[in-house]
Amino acid sequence: MTVTYSSKVANATFLSFHRLLLRWRGSIYKLLYREFILFSLLYSVLSIVYRFVLPYNEKRLFEKLSLYCDRYAEQIPVTFVLGFYVTLVVNRWWNQFLNLPWTDRLMFLISSCVHGKDEYGRLLRRTLVRYVNLTSLLIFRSVSTAVCKRFPTIDHVVEAGFMTPEERKVFENIRSPHLKYWIPVVWFSNLASKARQEGRIQDSIDLQNILNEMNVFRTWCATLFGYDWVGVPLVYTQVVTLAVYTFFFACLIGRQFLDPAQHHPGHDLDLYVPIFTLLQFFFYCGWLKVAEQLINPFGEDDDDFEANWIIDRNLQVSLLAVDEMHMNLPHITKDMYWN
Amino acid sequence: MTVTYSSKVANATFLSFHRLLLRWRGSIYKLLYREFILFSLLYSVLSIVYRFVLPYNEKRLFEKLSLYCDRYAEQIPVTFVLGFYVTLVVNRWWNQFLNLPWTDRLMFLISSCVHGKDEYGRLLRRTLVRYVNLTSLLIFRSVSTAVCKRFPTIDHVVEAGFMTPEERKVFENIRSPHLKYWIPVVWFSNLASKARQEGRIQDSIDLQNILNEMNVFRTWCATLFGYDWVGVPLVYTQVVTLAVYTFFFACLIGRQFLDPAQHHPGHDLDLYVPIFTLLQFFFYCGWLKVAEQLINPFGEDDDDFEANWIIDRNLQVSLLAVDEMHMNLPHITKDMYWN
Amino acid sequence: MTVTYSSKVANATFLSFHRLLLRWRGSIYKLLYREFILFSLLYSVLSIVYRFVLPYNEKRLFEKLSLYCDRYAEQIPVTFVLGFYVTLVVNRWWNQFLNLPWTDRLMFLISSCVHGKDEYGRLLRRTLVRYVNLTSLLIFRSVSTAVCKRFPTIDHVVEAGFMTPEERKVFENIRSPHLKYWIPVVWFSNLASKARQEGRIQDSIDLQNILNEMNVFRTWCATLFGYDWVGVPLVYTQVVTLAVYTFFFACLIGRQFLDPAQHHPGHDLDLYVPIFTLLQFFFYCGWLKVAEQLINPFGEDDDDFEANWIIDRNLQVSLLAVDEMHMNLPHITKDMYWN
Amino acid sequence: MTVTYSSKVANATFLSFHRLLLRWRGSIYKLLYREFILFSLLYSVLSIVYRFVLPYNEKRLFEKLSLYCDRYAEQIPVTFVLGFYVTLVVNRWWNQFLNLPWTDRLMFLISSCVHGKDEYGRLLRRTLVRYVNLTSLLIFRSVSTAVCKRFPTIDHVVEAGFMTPEERKVFENIRSPHLKYWIPVVWFSNLASKARQEGRIQDSIDLQNILNEMNVFRTWCATLFGYDWVGVPLVYTQVVTLAVYTFFFACLIGRQFLDPAQHHPGHDLDLYVPIFTLLQFFFYCGWLKVAEQLINPFGEDDDDFEANWIIDRNLQVSLLAVDEMHMNLPHITKDMYWN
Amino acid sequence: MTVTYSSKVANATFLSFHRLLLRWRGSIYKLLYREFILFSLLYSVLSIVYRFVLPYNEKRLFEKLSLYCDRYAEQIPVTFVLGFYVTLVVNRWWNQFLNLPWTDRLMFLISSCVHGKDEYGRLLRRTLVRYVNLTSLLIFRSVSTAVCKRFPTIDHVVEAGFMTPEERKVFENIRSPHLKYWIPVVWFSNLASKARQEGRIQDSIDLQNILNEMNVFRTWCATLFGYDWVGVPLVYTQVVTLAVYTFFFACLIGRQFLDPAQHHPGHDLDLYVPIFTLLQFFFYCGWLKVAEQLINPFGEDDDDFEANWIIDRNLQVSLLAVDEMHMNLPHITKDMYWN
């Protein structure tokens, strides 16, 4: 589930962001503590070897190596590479959020434009809405690992009531080597057209509006699928990861405290704990983790979109809207400000 | 209320921006003075300790520590991290502004396409418009802390005239674990459809246009909710905050004026007041404050959007437009340029 | 009026941009010469004081101060802060240009879809188009200082023929504490609806298309108003201004030519005129001036949008299109390429 | 004509971009060779003067000046200023490409929805399409220098068959001080409306769709005009140009090879040809040339859009589509995959 | 085929990106190994020459040259130039993905709005859909090298069943020097209009919706063509390539390990393998390769879009949807949640 903290930062008060530093769920600490322990461990080992194990000449050699590493560590353009890359990933992530398929627009139209309170009318509306939900479910199954775990086979889809057994037969009889999420959309458009012929949809403009909304819905689904199918090019991700890893590899050696007695420039002080390097570890790795978390927002991270919740919410709400609430209006009375 | 200063900068005259530096409301000074006092205090304490408390050897140690901190303070990429982060936050903030729900588009359509000057016609138009306002109110209640304070319960919504008591009953009888802001939209679309059947809306194209505008309105509401629900990932905010805080922590020690007698490079001068560090504090913390202020624009900051004002304005204006002003046109006469 | 120079740079020829450096209107020189003189003056005064007034010891102190200032001047991230800020301002400026309200789309529709060459038909079309122009005028009055000077009261609006005296009465009788630019839009939509009832607009689809275009027009107006109302957050502007001013304050002292005899590093040469600092003044202040000029494009700068011209052009052209040119077609004849 | 090289880089093979370095048309070499020669010449002259002309003391002075220039050359933020500026210009350039007016969308609609194979039907369709082409021609005349050369007066427009002599009279009788490209659009919409009255356009929805497409077309034209009218603010262009020119002015002096015998730091080697400075000249000036070339894409550069070709293509193709091809369908037969 | 790895990074776990470093297909290693070998070879040769071939004086000269190169290598702004350039290329690449022409939206409309289960109805629907597929095929032929190889001539298009021999004759009889991909669109719109006259399409609104969707489809095709036709300006690509190549040319000499005995600053250590330069080679060249790979996404790279697959999928799916599945609905039954 997404970590919502906006109410915590409604007002910009005294040190207001500092409170965010003390959270655990979805925080940088939770995401990074393992890498941090590993890094600290490696650093300590190297530090101990340098201080207690190496003989005199090897110590001097290590110092030269350390200075060499430090010099190049500063030349690695981690900041820029990360800045451009994270901007790309964040934009993609937000566009995926904007393309989550919600049934609301369609259910309002179906509820108001597919007429008839009798059983056939109810059947029509419920079936249309079910096809809509089925389409998004089929897409979510190939996009989200969480949904895939819940509905591993078409059997589970039928069991959950998104598809009737008969529909399943028809669905499986259609032979196509390609993903079949478009099949319920064809059913939907043909059923709507049939409803128009039978006069359940009064006018062609109503029909076209419903079909257009369905196409909007389908485009959301297809866009989500597109984002999953065509990700950030692997090479780009590798370049960024390599840059960050190289930087910290260079820091492991280059940020060791060297013997102050050797008077290497900038090495007058032995603090044992490389506090700023550890903080840099938090910035850069944290920044990279932002990307790792957002690059596929349909996993099971703390900050990922809960696809299963969306599926359930859509089904429940849309059936309510087109069936129980169809032409079931509260009595119209004068409001408080009448005259 | 938003701080508007555009009329102050209409022309780019001599030092025109410098006038902006002298404002208090919504200014960097108002937002930062507490943090600034804290920072100055800590800096002074450290300075006094260094100058008057520490014995000779500890002074030398402190100087080494100071040089070490100063060296690393410059390596912290505050500028970039802030640049990319603030750009992200500013974009989100502006998109939220663009998605504020205004009833204007709908009220024009309802006023001109739902016919009948009789009481039922008035009832129809007023009720439709009330549902529109109700939808946005329900969303604002979960998005804005100010609106939430004003309408803590559904009782307050009913009292303020956005909902009739009967509607409230129906509203509460609909069982759904999810946010119910979509219920008035279903009412709206069904009522519009009923008006079409009764001939109050003349044509299906009029109906569809009204339903489409309602869907636009609903999408604004849903988008606002989305921005509140799925914020900038917590990790990103933490990374930025950590970077800025670390930088100033390093500055506290690293920017102390060291004893010129020790001839540390760049420490020939003892000014007592670290004027440039304090100015840097203003840039960087001010930049971070831009983000703090905009990350949730529905709080009660000087620069936040006034949701309560929007709600009142929408209700007043839209009732006027669909009732009093319906088919209440000024007499058409020839204009000045006739022939 | 906007400074148009695109025809000057149609081709990328030998040193083609250098010609742009020699213009005065809308140029960096015209915008900056006052600040430049001030800066040069202050620099000269300091230089004279240092060279001829200060005694020996104070000179040495000043030199230390100068080196200190120079060192920190380089740490101020003017480039980045300006880069991100100007990008934001330029984007807003261009969006404002894209949202300027033009009557063209509406006048084509009204000219072709509101029928009748008789006086009532002419009245209808002219009145509809006048309401459109009135809406944009009301918005421009609160957005643009130039328009506000020309139409300080509603009287001036009536005198200029945008409103009839009768409309004015109705306009002022509508009691609303909020900006009233939406009133002509309600009139427009009701009048269009009336024309539909009377058969002057033949079909509901024609009516809806006209109403939709009117909503597009209104949205342009509202967006312009929004850009004026909710500007770039004041804090951001202050941060940037502070950064630039601090930088040049530091330069005033830090970029003085120190006595070469003192052998301060990088101070072997005394040129008297700090040519590169002056050039930097042009870059950075010029960059800031870009922002100052564009942050409110409805002032009276050389590069601002001429709102008054837009208002006149819209009125003249739209009355022509819907009245004189209505169904006044040139005879249709075969063109040159017939067969 | 645009330089298309995408087929050359279809695959990312061994050193694939290096092949692009060897092209002449539209290349950096063709654009820059004149400036490059000038820069080399000036550099050589200075170099010769320093080496052979200046006496001993002036040589030492020149060396100090050179070191001073070199130091400040590095402080000029050419990279950033160029990065932000070129990004702005490239975005504008691409948006201009996206707004090029193509008649395709309209010609499909006119071909299929304006009925009648008789002469009057042909006349109607051809005239409608001609008005469309005329609109874009009038805009291109004020935007593109190449089109302006080809059609310097309205006479040339009439001669080329875009306007009949009678239309020209009507066109010139309409008195308006403003650009008149909207006149053919009014003709178009009135003629379409007339065709609807006469039953040549069957339904109002067909008419409205055609009018909407015409408005899309007009908006493309108006947007192109807007990009030409309101360019990148002159100040911004001047800031960037100044920055680049100053940088190379500083390099002319600062990058001279100083006498190694003087042991100036970083001047141990005399290569005579400042290879890296020349390469920097190529990067930065090349980057600026990208902007110079794209800032007005309607000139006659190698990479500019060929407006004349677009005009001819549009006319030829659109007349074909609405006349010869109107209801001239190939016989419908069963395709290969039937059953 | 695009390299999909999103399921590998669904969760941000311990070192989750490091797994991506070990892939071969579409990886940085596969793309760069040839350049890497070349670079290493040249570096080694230079190293050997310096160490074993050069006599004493030439060694000293080489060292000076190396220091000179190293100093300038750091001044080349590879990071920025690449950052801005790659951002541009990535945006274009993604927009091309978003404009891939999918037949889905059209096939739903045709399947539901073109009536008749008889042979003529089937013929109509199949032909309409075939024209849609033909349009995209004609565009893909000029955009994608892979499609061009598969369909080198119109003969191949006819053989593959996208065009009947008769259509081919008509197609070739239409004389136009311009690309002819718009011809099937004219056929499509005329055939749809004919179907409307014959009552196969029931209402004008259905027809207009179909024509609008066809225009959307055509715009996708035209946009793809535009991206291919008007690429990133050649000069920009050359600037970036030059910058990267120059940088590595400077590194070849400047990053040699110099004899520690000469005590050049920063050259105390001889590691033989310039590990950080090689890593920098991977970042920068990898970053450039991102651009090389994406600048034309219709080639045959690992990460390119598979145009041939899209063509086959579209044809197969769209024929299924409009023919077999037309009004072939599963029986409507009550769903699980009925009451």
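All chains are identified by letter, namely A, B, C, D and E, in their written order; residue positions are counted from 1 within each chain.
Here, contacts are C-beta pairs under 8 Å (C-beta built on N, C-alpha and C of every residue); 3 or more make two chains touch, one makes a residue touch a chain.
As the structure is a prediction and not an experimental result, all values here were calculated from the model.
Looking at the partners of subunit C and subunit D together, they share no chain. Steps from subunit B to subunit D, taking the shortest chain of touch contacts, total 2.
Because subunit B and subunit C carry the same sequence, their contact can be compared by residue number, and under half of the numbers here are used by both.
When the CA atoms of subunit A are superposed on those of subunit C, the rotation angle is 145 degrees to the nearest 5. Per-chain CA centroids place subunit A at a distance of 24 Å from subunit E.
We define each chain's centre as the mean of its Cα atoms; on that basis subunit A and subunit D are separated by 39 Å. For subunit B, the set of residues that touch two or more other chains comprises 31, 80, 83, 87, 205, 289, 293.
Chain contacts here close into one cycle, and each chain has exactly two touching partners. The assembly's chains link up in one ring whose order, counted from subunit A toward subunit E, is A, E, D, C, B. Considering their complex, residues 2-7, 9-12, 14-18, 20-21, 23, 26-28, 31, 74, 79-80, 83, 86-87, 90, 97-98, 102, 104-105, 107-109, 111-113, 202-203, 205-206, 209, 213, 266, 268-269, 271, 276, 279-280, 282-283, 286-287, 289-290, 293-294, 303, 305, 313, 316-317, 320-321, 324-338 of subunit E touch subunit A. Across the complex, subunit A meets subunit E through its residues 31, 34-35, 61, 64-65, 67-69, 71-72, 75-77, 80-81, 83-84, 87-88, 123-124, 126-127, 130, 145, 161, 164, 166-167, 169-170, 174, 176-178, 182-183, 185-194, 204-205, 207-208, 211-212, 214-215, 218-219, 222-223, 226, 228-231, 233-239, 241-243, 245-246, 250, 288-289, 292-293, 295-296, 298-301, 319.
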